[in-house]
């Protein structure tokens, strides 16, 4: 289980997160929606301390961390329970597809190379990249790169995978292949927190939807409630503006 | 014009004998300087307390002063320092037993270290910040991320500049003759003055330096081409 | 050498050496001016792909990049009089200062030409096309659109080059020029305190380098004003 308590974060004078509370049950897929600048990505990055929140507490499984006082050791421990899929993939350019996936297992989790390789190959097969294992990231399409990014996160068997707008840097025709991979692993019961702009996809995979605006959680609930019967005016506005797109998205 | 072309050939082979020494005083400082460069770059990037100020000054001062002065100051200053320390710690050797080449190694290494720290630093800064975040996101420590993700790429990015550094040191080594080390230029000066054929000797020396430089550039180009395979990619 | 180190002498030497700074700067300025001219001329055949001249220019650049400046200095010092003798010009009484300025000018020129060439090819091709599209002639497009942008791109490299040649002027004393370092040699011989002289020289060169860097970076920010980024309001 993951619990965020009263997370606050400012950049300079601007308060980006104004006290966020969020609970994610094991195996749950939570989608965070909201207009750009609402703080969704910052929230995600606070969970694995790529940004340090100014205050608040983060609990993942048996580990609780006070954001303000977190030590290096605690941050590291937290990061080892999470994994992230980035908007711009952020693959290690100097390593092959296989090496990218193995890296965390070998270096962080100290697996023997042979075993790490075996697991990495399995995972790469799952994301449909068995043919590309010896290629470098620069030789792949955006969709393929993002699938490597997903495999890299998945290999670590983390308690939660954080997806930061995983398809927003992709050409439209490549979005589908990435979404279907995410959908596939969502069905396997892996806990996920997903920031996305793909509404159709969000509705299909989510167990729980959080709508954020201006640094606060405006509304949250089951996808059916949020998408079909939003209570808050801001949610309605947002969905109205964005809905026409989602028929085409998957 | 009064040029003895046959003597250029004679001088060429005579001066060539000094090539091994030139290569030694080029490569050894290159390697030591590389180590200094990495260390200094990391100290400055991580702003290690107090010493990063010293590192900043070291880089800026060495880059702001002529190499010839580095050689002279090391050549004259190091023995003084050495003798003071020798007296204090009761070493049995004195500075006059330090071979000349050591001064050249020290001066060139310090010089190369300052330049290389800048090269490596900009290489590190050129590595995509997202990859560092990715390394953290899979649970790597700062030093693991630096060692496994950042430095390998930074060095590859810096490779052309590091090769240029080799050429810079090769040319810089022509100043070692100022403390009477018989490298290419030193040898050329001797050949010139003993035969009273200055122009011919320096033409021969120039040809050797030029050849070495072109060779180094060719090797760099080949290395770069190989690296570009996966730095820039291009669909295979 | 021989005498013990005396820190006070370092400061005593400073004004004595500084009184020769203008010679050092004269060499630098003279060389940069020649270098700009030569560099520009050498860059043109390679930008416009003029056969023969292009090759000559490439060989010239390769030679300068391939040899130490000191060797170039010796070559000009011993070679130029021989060369000029063939066309009946006697330069045995020419000041060695002239040799230095010529050598350094041609040396800088080669590297300038490389910088100019790279900068011109770095200017977006679309700029030229846009200039043609509004009816400019090729020359007008080059002079009014490409060149100003190229100079801005080239400027940081140009500045670095000038600074690196400032340091190289310290080698002029090898052919007997009385610049700052040359004066240092005589001062060292006279007082037998070479180490102090060299430290003193290092301080001056360092100060001049920093001063030049500051001036260049001021100029650079002015040149780049059209690329200034405004803070994005959120």
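A, B and C label the chains in the order they appear, each numbered from 1.
FYI, contacts are C-beta pairs under 8 Å (C-beta built on N, C-alpha and C of every residue); 3 or more make two chains touch, one makes a residue touch a chain.
Keep in mind that this is a model prediction, so the values were computed, not measured.
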May I ask you to sort the chain touch graph into line, ring, star, complete or other?
line
Among the chains here, which has the CA centroid at the largest distance from subunit C's centroid?
A
Looking only at C-beta pairs that count as contacts, which pair of chains has more of them, B-C or A-B?
B-C
Which chain, with its centre taken as the mean C-alpha position, is closest to the global C-alpha centre?
B
Taking each chain's centre as the mean position of its Cα atoms, how many Å separate subunit A from subunit C?
54
So, in whole Å, the Cα centroid of subunit B is separated from that of subunit C by 21
Roughly how far is subunit A from subunit B, going centre to centre by Cα mean, in whole Å?
46
Looking at the complex, which residues from subunit A come into contact with subunit B?
48-50, 76, 79-80, 82-84, 86, 88-94, 103-104, 107-109, 135-139, 149, 152-153, 156, 162
Show me the residue ranges of subunit B that touch subunit C in the complex, using the header's touch definition.
1-3, 60-61, 63-69, 72-73, 76-77, 80, 167, 170-172, 174-175, 185, 188, 198-199, 202-203, 205-206, 209-214
Which residues, counting only subunit B, touch subunit A once they are in their complex?
128, 130-131, 133-141, 144, 148-149, 152-153, 156, 229-236
Which subunit C residues qualify as touching subunit B in the complex?
1, 5, 62-63, 65-72, 74-75, 78-79, 82-83, 85-86, 163, 167-168, 170-171, 181, 194-195, 198-199, 201-202, 205-206, 209-210
